[in-house]
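Presented sequentially are two complexes of subunit A, the first with subunit B as partner and the second with subunit C.
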Partner chain A sequence: MKPNFRSALALLFFCVAIFVLPLVLGGFWIRAFTSAAIFALAAAGVGLVYAQLGLINLSQIALIGVGGWIALRLNFATDLPVFLLVVIAGLGTSALGALFALPALRLRGLYLALVTLMVAATFQILFNAFQFPNGGSGFWGVAQQSGQAMRRPSIATSDAAYLAFSMVWLALGLLLIEAHKRSAPGRAWKMIRMSEANAMAAGINVTWFKIWAFALSGFLAGTAGALLAGALRQLDARSFTAIEGVLLFALAVVGGVYSWVGAVLAGVLYKLLPALLNNLGVTSDLALIVFGVALLHAIMTAPRGIAGQFEALFQRKDKA
Partner chain B sequence: MIDVANLTVKFGGVVALDDVSVRLTDDVIGLIGPNGAGKTTLINAFSGFAPVTGGRIRSNGRDLLSMPPHARARWGLARSFQAVQIVPDLTVRDHLQAVLDGKGMPRSDRAAEIDRVLEFLEIAELRQREGRFLNQFQARMAEIGKCLVGGPRMVLLDEPGGGLSEREMVCLRRVITRIHSEFGAQVLLVDHDVDLIRDVCSVTAVLDFGKLIAFGATADALANEVVKAAYFGR
Partner chain C sequence: MNLRMTTAAMTCGLLAFATAAKADSGGPVCGLNTGEAATGEPIRVGGISGNAPPGDFSGGTRAAAAYFACVNANGGIHGRPIAYSVGNDQWNPELAGQIASRLVEDEGVVALVGNGSVVEMAVNAELYAEHGVMAMASGCAISECFESANIVSTNQGPLPSGIGALRFAIEELGAEHAACIGFNIPNNGGWACDWMNRYMEQHGLRGTSILMDPTSVDLNGTYLQALASGADTILLMLPAGPAIGLLGVAEEQAGRDMFNWVSPTPLYEPGVTEVLGDYWDGHIYINIELNQFDSDGADNRNWIAVMDAHGRDGDRRDTFSQAGYLSARFFVEALLELDPESIDRASVTDAIRGIVGAESDLLCGPFYVGDGDRHMPNHRGRMVVLRGDAFELVRNCFDIDTAYLEPILEQERRLGLRD
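What follows is the complex of A and B.
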């Protein structure tokens, strides 16, 4: 595929997602697509760290929760516009994400995966212990009864408009990643993945660029969390379990970590497939079996994920 | 000018470099020695990858050992690796660009600098080619290109001739001899090919079991009886 053709496809995709989908979908599907877009944003972050540095981060779900917590907390404490809440949640979470990079400076592979899994488990406990703010008093802001809802921006109060709002954020997030990949950080990450000695010998500050990748991934998770709070109007601590973090990483790999299409596919698999099964009257737990098969498939035959397979298909057609 | 004083590197109980002292002032310096003599260890000590337990490496009053590896590279210490480090999905141009990113060269000068290096190495037409499509010689040249961009002060080449054909060696030889006049950097060349060393290096240091056993004009160093014994046995 020619680069221009690629960009045109991406543009077309997001035009449809932002302008057409909110008009044609029904209420149930609008909510499902909104969730899919939001989790695609978070999956793009995990995928980035894995593709660029080869590091496994299973704690993305915890960061989504933290982003949601910050957004909800500020929502009830301040009158800041929602747009700012999302940005602040993203920045705050990115600082925490950078902190999560510290073990990654010394560990990799299975050991790093285990550490991040433990981090996710820790946050699972914290979320359950303190819950998400819902307009109550005090620092934790949890009211026992009749919690209040997260605000939405005035231009996106309806579910349909909020879908478009989320899609715009997804597009911005993916553009941010693309901009990184095509500039100094992208080059530095690739050199680091080759070998750290190689990167250092080329004058690249390995520590800094690893932290940067985690911070960027955290930023995406944080914005996703804030958007999710707005989409659902309230967050449930039970949704932010460590196992969901594993699932999100696995689906990012299945979708394909090397292109934005993979992140979108991860969101589709994670949120749309269960919705589809529900809609067909089948238990959505069936999705887990599909995920397992898809992961095996990805590991054995498609290291670049489904997105990579699509690309190979197009390339073959180009040659023919 | 680089001044190495009493440099010692130990891996656990193994002494890889034993109290090495040498002043490197010539433009192209050879470094030879049998396998395991400590040649690569010396280069690694320069770049910051070897556990230095004693001694100093100074250049014009600057203490290299106190700097982290990436800072040494930015200061102007460039090195190539025995196993070329070319990223499969990065173009030749982007490899050089990645080195320049850290050096703080004005954005407007970077393209010209990259062109200058690629033309010097005669691989300008490979500018947009990704690493995975390079053959061994092209990858080696790109690896040397990474060392030459952004004003290096010292270029350490670790067996750049490994696995190259006769014709490719001619190109490599020409490149190495012209590095100093073109880029102003000193070159330290590690290689097993004695002919290459004899042709391009004015002085040569010889290591054996981590000790510096000879240092001086290349012809003298190669004719040295101790060196012959180290290479061929008595």
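What follows is the complex of A and C.
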């Protein structure tokens, strides 16, 4: 696929997603697509770390929760515009994401996966112990009563407008990743992935660029968490279990971690498929079976994920 | 009493009379009870329940579905059948929001009936208010369900039922320090246990909250926490499954006689007596929100008849089911007051808000809605004790005295239901 054609396709996709989908979808699918867009953003982050550095991060769900927590806390404590809340949630989570990178400086593969899984489990317990702010007083902001709602931006108070708002954030997040890939960090990550020793010999600050990747991934997770809080108007600790982190990583791999299409596909699989099953009157848990089969398929036949298969298809057509 | 209330009361009276007469003959009584199927343009009604671990809250929507099927087979709403569409939120807030949007925005339901969930009401209360649609729930367990203008439930939820159990424990069992064991969910266990503690303090006694992580329940640890708290009474503010698990832990550690054991409604379920066995005979007191499953009241017998005739195999026959039947019955009675050709969301919302003084032997007091910003019409309960293989009534209808009810009692005064 030629770069110009690829860019045009991305532009067309996001034009449709931002301007057309909110107008043509019903209430059910608007909400489902909003969730898909938000989790695609988070999947893009986890995919970035895996694709660029070959590192497995299973704690992305915890970072989404942290972003949501920051956004909710600031929402009730300040009158800051929602746009700013999302940015601050992203930056705050980014700092935590950078901390998560510390084990990654020494660990890889299974061991890093286990460490990040334990981090996710730790946050699962913390979220359940301290809960998400709901308008209460004190540092934790939790009142043992009905919660108040998270604000939405004045331009996106309706569900349809909020879908467009979330899609814009997804587009910005993917552009941010693309910008990194095409500049110094992208080149550094590529060298580190091929050989850390060679990268060091070439004068690349391996520690810094690893932390940078995790911080960027954390930023995307944090913005996703803030957007999720706005979509649901509140957050529930039970949504951020460690197993969801494993699922999100698995679906990022199934979708394909090497292109933005893969992140979008991960969001679609993660949120649209269960919604579709539920809408058909079938338990959405059936999606887990589909995910398992899809993961097997990806591991055995499509290491670049479904997105990679699409690209290969287009390339064959181009050659023909 | 204005003309509307008089008409509603007369209709309720006639339907209650018909219910009693028909229930005596064994068949279900529903709506107009004509025996002829309704064939007109369907009236769209929705329902949302949660059925996934750790609990099945589908009893309300299943009973409402059975009652609507019965109504449709008996003349419908002056010839118009009810098309009832139900979604399962699977305890997932995102799914709950999606289903509500589908029902309210896409399908344009005139109301929701029989809802039972631990997440749905929190996520959707604002949506219901925005769209002016009422939810006549039957399985409420979180605060939003009782603190929203557009949600009203026929069940009590954990707060009145728990306080009712505590009142009994104080008055009959000499409780001085109660440990409220619930899930650490702010609008569920946290909310209810917080009010339990205030109730104990109000009576110069002591209350302690022991809140568990709902995603990793450690019953042994929780039981040890209760022991360490020094409480003399344990209030099981939990769904039936975890409550039975905790009682199992207490039995293993011979802890039955170390505490008074009381519980709100969830432990009152068919089959619980067999599961718990002789060890707990005479030692577990439960506050029940609606009448006993085997009571002889006409409405209770009609609930059973409706479920027998129109329910599905495997439908739950629990308190939520009774409450779902009641919500559906009150809803249908409100609709029957309307001109069938002009039924729309606005007229249905007005009709539901106009329900005042509806009666049933399942309840301990009149059911009403009104135009308040919150609703808790059912706050009087009964107490039963596990005895042999059954539950025995030990205290009939009684109310609770808590500051939480002050705005509710004020509404009742305004509606002429209380002096």
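For this structure, a couple of remarks:
What we mean here is this: the second predicted complex is superposed on the first by the 320 of 320 C-alpha atoms of A that agree within 3 Å, B and C clash if a C-alpha of one lies under 4 Å from a C-alpha of the other, contacts with A are read in each partner's own complex, and residues count from 1 in each chain.
Just so we're on the same page, a contact is a pair of C-beta atoms (placed from the backbone, for glycine too) under 8 Å apart; a residue touches a chain by one contact, two chains touch by 3 or more.
Not measured: the values here are computed from a predicted model.
In the superposed model, A:315 makes contact with neither subunit B nor subunit C. Put simply, more of the residues of subunit A are touched by C, taking subunit B and subunit C as the two choices.
After overlaying the two complexes on the shared chain, residue contacts for A:190 are found with subunit B alone; subunit C is out of touch. In the superposed model, A:7 lies in contact with neither subunit B nor subunit C. By the touch criterion defined above, A:78 reaches neither subunit B nor subunit C.
Looking at the shared chain after the overlay, A:205 reaches subunit B, while subunit C stays out of its contact range.
By the touch criterion defined above, A:285 lies against subunit C but remains apart from subunit B after alignment on the C-alpha atoms of chain A. Using the contact criterion defined above for the overlaid structures, shared-chain residue A:142 touches subunit C, although it does not reach subunit B.
Residue contacts after overlaying the shared chain place A:122 against neither subunit B nor subunit C.
Overlap of the subunit B and subunit C interfaces on subunit A: none, as no residue is touched by both. Per the touch definition, subunit A reaches subunit B in the complex via residues 184, 187-188, 190-191, 193-195, 197-206. By the touch criterion given at the top, residues 26-28, 30-32, 35, 124-125, 128-129, 131, 134, 136, 142-147, 149, 159, 231-234, 236-239, 241, 271, 274-275, 278-279, 283-285 of subunit A touch subunit C in their complex.
Remark: subunit C residues 52, 87-88, 90-95, 97-99, 101-102, 104-106, 119, 122-123, 125-126, 142-144, 147-148, 184-187, 190-191, 193-194, 213-216 touch subunit A in the complex. Here subunit B touches subunit A in the complex through residues 47-49, 68-70, 73-74, 78-79, 81, 85-87, 89-90, 94-95, 97-99, 101-103, 146, 150, going by the rule given at the top.
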